[in-house]
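Notes follow once the structure below has been shown.
Labels for the chains are A, B, C and D, by order of writing; each one numbers its residues from 1.
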Amino acid sequence: MNGVDNELIKKIPGAPVIMTSVEWAINASRANSLWTVTFGLRCCAIEMMHTGGTKTDWSRFGFEVPAASPRRADVMVVAGTVSKKMAPVVKRLYEQMPGPKYVMAMGACAISGGPFIYDSYSVVMGVDKLIPVDVYIPGCPPRPEALIDGFIKLQKKIMAQKIRK
Amino acid sequence: MENGEEMELIRELLYNSGEPLSEFYRWLHKAWAGFSVPPVFLDLMIQFAVAAAVFGFVAVNALWIIYYERKFSAKLQIRIGPNRVGPLGLLQTVADTVKLLIKEDINPSKVDRVVFILAPGIVFLGTFLTMLVIPFGNGLIAADLSIGILYILAVSGLAVIGLLAGGWASNNKYSLMGGMRSAAQIVAYEIPVLVVILGIVMLAGTMKMGGIVEAQAGYRWFVIYQPIAFLIFLIAANAEINRAPFDLPEAESELVSGFITEYSGMKFAFFFLAEYTNLFIVSAVAVTLFLGGWEGPFFPPFVWFIIKTYAVVTVLMWMRWTFPRIRVDHLMQFSWKYLLPIALVNLLVTAIVIKFI
Amino acid sequence: MTVRELLEKIKQKAEIEDSKEDLGVLNAYVKPSSLRSLLIYMRDSLGFDWMSFMTALDMPQENTIEAVYELFSNSSKDSARIKVKLSRQAAEVETVSDIYRTAEWHEREAAEMFGITFKNHPHPENLILTPDIKAPLRKDFSGGDMKRMPE
Amino acid sequence: MEQKTAFEIQELTSDEYVLSMGPQHPATHGVLRILLRMDGEVVVNLQPDPGYIHSSIEKICENRKYDQVMPYTDRMDYLSAVSYNLAYALAVEKLMGLEVPNRGRHIRVILAEMNRIMSHLLWFAAYGIDMGALTPIWYAFRERENLITLIEMQTGNRLTHHALRIGGVKNDLPTGFVEGLNKFLENFNDMVDEYEALFIDNVIFKARTKSIGVLKKENAISYGVTGPNLRASGCDIDLRKLAPYSGYENFSFEVCSEKNGDSWDRCKIRMNEMRQSASILRQAIDTLPEGEISAKAPKIIKPTPGGCYAKVEGPRGEVGAYVVSAGTDKPYRVKFRSPSFSNLSALNEMCAGVKIADLVAIMGSLDIVIPEIDR
């Protein structure tokens, strides 16, 4: 339930205002400090590295901290094909991340299986079959600009979050 | 009070903080005597206030130093660095910190829970206690112990217990390896640092941090007399605080993140805070021992102290972003085969020179 | 060395069931029993020190699986393709991973992809696939959720 | 779900333990799992466990028409997509008896060499991170970004170019391409010198790579190791010289080789190869012939029955495509011979008794690309 709309909180004078600004501050800090778990699977991983490269430097937005361990990551960018052998690992990595956690499906393979939809016996058709996905970034592979756009979309999504009761 | 007197007081406070502070202390005691409460409580309160001030400095300084490192590395790497959050990206580290503090705090099911939770605290405690004897200016020191430098060596050794405990308690092979590495590394590099500091103590004739700075007054900085010792101190101290190229305990490409692999949220923030505060402390100690402490023209002492410290911090950052990581056995050999003998010879020469000249 | 000369040479050492020239490369079908001795001979005496790859071809219409060994000689720049015909039901052949070390992984791959058993292989377990997928590169493979491309 | 392999079940001595490196580990360049049997920091024995990105490309290729296979070849090795394009195109052209016009072959060489530089630059970047030097990556990516902009002008894609067609190339060189390439090549050699001085000739780096991970010549040949890794072991085999294809015989370049076969030699060779590729590129744009870029291939490609193995020298070694035709419009079987597959199989040979830090250094110096192994 939305904390600001809570009946009890509404009765306390000034509480909704404070709640709103606290909510804003929490969301803003979450949205502006998205640490990615370094998780590259295929071609998209290279474009992900390029996004951090000199031309489209993603550290400007504060995404630059690559967390080697999922324990410190906020967002998992699934960059590439998820195979059936990899599927349990992806799931486990997601479970190891502390909440609130977000997932971005980067590229056609992570969205739907991409070029491997037909005649393939070992590809999971989209990572959303395994874990909940927040933002989909189409492309094969998507350009760095597209990935940054995806990050900004995720930021907007986070800013619209409400504190639960 | 006349205007000129006021200026004089501010000047006195800035340039020679020790005297006004102790006067203020005496005044407080006098005022306190009016109440019928034992003065122990006043001392306690004052100490609490000092500790809070130091803690505030540690937190703000860590935020700034992390931002500085990000911007500095971006400059080295032909990038821009954070510039979206707040003006010039100044609030970036604030956002990171707030996020880390409100993140889910995971205690994995198979960890040794008590030790796992205590470890970041121990590491941070070691750092925090060291901060107490850093002389920021003339008299601007939380506790000017008569064995100040010895105290730093002793207390900074506390951190290794935390690292080792964290590595062990995580119940992760990578973490354990990281913890073992850090223990071996700190033991190996503590000794050259100790020997180098002995030379300085011989020159200064005191172990008091303030005394060491005063011994260098008149721009007779010890770096001029002990250039080799200064280099050894920089290298060994850099190794002691586990920064690249000596970042073996958390070598990312080898051990994932070493002893902090399993840590998340607030506990990780404490490790992070300790790491960057250590960087500041090492630089501050280098400034105190070798670069004349707060001494300098035009500006008040504490400004000079901060400028010099950040110059040393910049050099250490420059080292971090330039060199590849050293292998673990090379690291050990470097300390035992090169740094320690050179430091001992340096000490011997210093002793002979002091004795006979 | 022309294809004909090469064929003459290896015919003395091994039982060649059939042979043809395919775009200037010798394709020789060898009896499974003499595969190992032939490869040792070719490596040591004819200078075929290089195995580019080892794979298999599934031929359901002939009810055989062909194991293909592509050899190459750096000194004479000759290629040779040695093939062994195996039955689809009981595909079994001796390993050559001790002759050419690279065959170790290639054989593991061929084994899981085609369901061939390599006798005396040092690491007979799967290399790439999970154990629930069996012999996917056979022509009649139909995995549980494999979607066919619409025509 | 997780099954234990024979390697894990084997009896351990009391000092040893099994460490599973990967599939998600910063040093494995993608998702490779390596099972390590460790004694403290020392690797006693190891076994790679690939297959985490296996996407059944060979099965898919059997069910596509000949020209539809081409996009899949890009996605096996995204760092040098043109090498795989080229190997496949050469195999099908040989089956059909097509002759590619001179200009088309030239453009293929330009694209392949650009890909080689891009690939080696990425290796440089990734190796820096492996070794704990965090700055080389940005310099390498600056150069890569320049090259990618150029190659995007030509092919329309940044990584998976799909640049070649059976019979030639898709597009002629666009206007401004040659000027842009010239501008890039102008100071590229200086850049390589600088990077080499910064990273490869660094004292710490030398101490960590010299006489580490030695691969003996006879072992390299037996394991089918190719490319820079083979040439570091003192065997100067380069398919561009040994069995020239696509007009490589018209260019003069040196085959870089070293003697010791250690990690440092492998690094040195890649740096030198970047210089050689730049020289080939310079020759290629100076001698660019006029004419058609593509042979007239039939709309529906139906080669005569038979098999053909074509191989090219990719950045990592011998890239090969074995195409078997049954006379229909779909290939009967396509087998790709990927260099990383063989190179990685020799890892155990190099790693006995090294430290875990050395293992990372050796793996990085092998320059493996995982999807190429798994396919």
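Observations, loosely collected:
We take it that a contact is a pair of C-beta atoms (placed from the backbone, for glycine too) under 8 Å apart; a residue touches a chain by one contact, two chains touch by 3 or more.
Bear in mind that the values here come from a model prediction, so they are computed numbers and not experimental data.
Closest chain to the protein centre (all Cα atoms averaged), using per-chain Cα means: D. Each of A-C and A-D has its own count of C-beta contacts, and the greater count is at A-D. The distance from the centre of subunit A to the centre of subunit C, each centre being the mean of the chain's C-alpha atoms, comes to 46 Å. A separation of 65 Å divides the Cα centre of subunit B from that of subunit C.
Between subunit A and subunit D, the centres computed from C-alpha atoms are 31 Å apart. The geometric centre of subunit B is 46 Å away from that of subunit D, both derived from CA atoms.
Multi-chain contact residues of subunit C, defined as those touching 2 or more other chains: 129-130, 136, 141, 148-149. Counting partner chains per residue, subunit D shows two or more touched chains at residues 26, 51, 54, 56, 59, 63-64, 138, 142, 374. The set of subunit B residues touching two or more other chains comprises 77-79, 252, 256. Contact residues of subunit D toward subunit A in the complex are 1-2, 23-24, 26, 30-31, 51-56, 59-60, 62-64, 71-72, 75, 78-79, 122, 125, 137-138, 141-142, 144-145, 148, 158-160, 371, 374.
Contact residues of subunit D toward subunit B in the complex are 17, 19, 25-27, 41, 128-135, 138-139, 142, 198-199, 202, 204-205, 207-208, 355-358, 360.
Only residues 84-85, 117-122 of subunit A touch subunit C when the two sit together in their complex.
Subunit B contributes residues 73, 76-79, 173-174, 177, 244-245, 247, 251-256, 320-330 to its touches with subunit D in the complex. The touching residues of subunit C, counted against subunit D in their complex, run 22-23, 25, 27, 49-53, 55, 57-58, 68, 70, 74, 77, 79, 81, 100-102, 104-106, 109, 113, 123, 125-131, 136-137, 141, 148-149.
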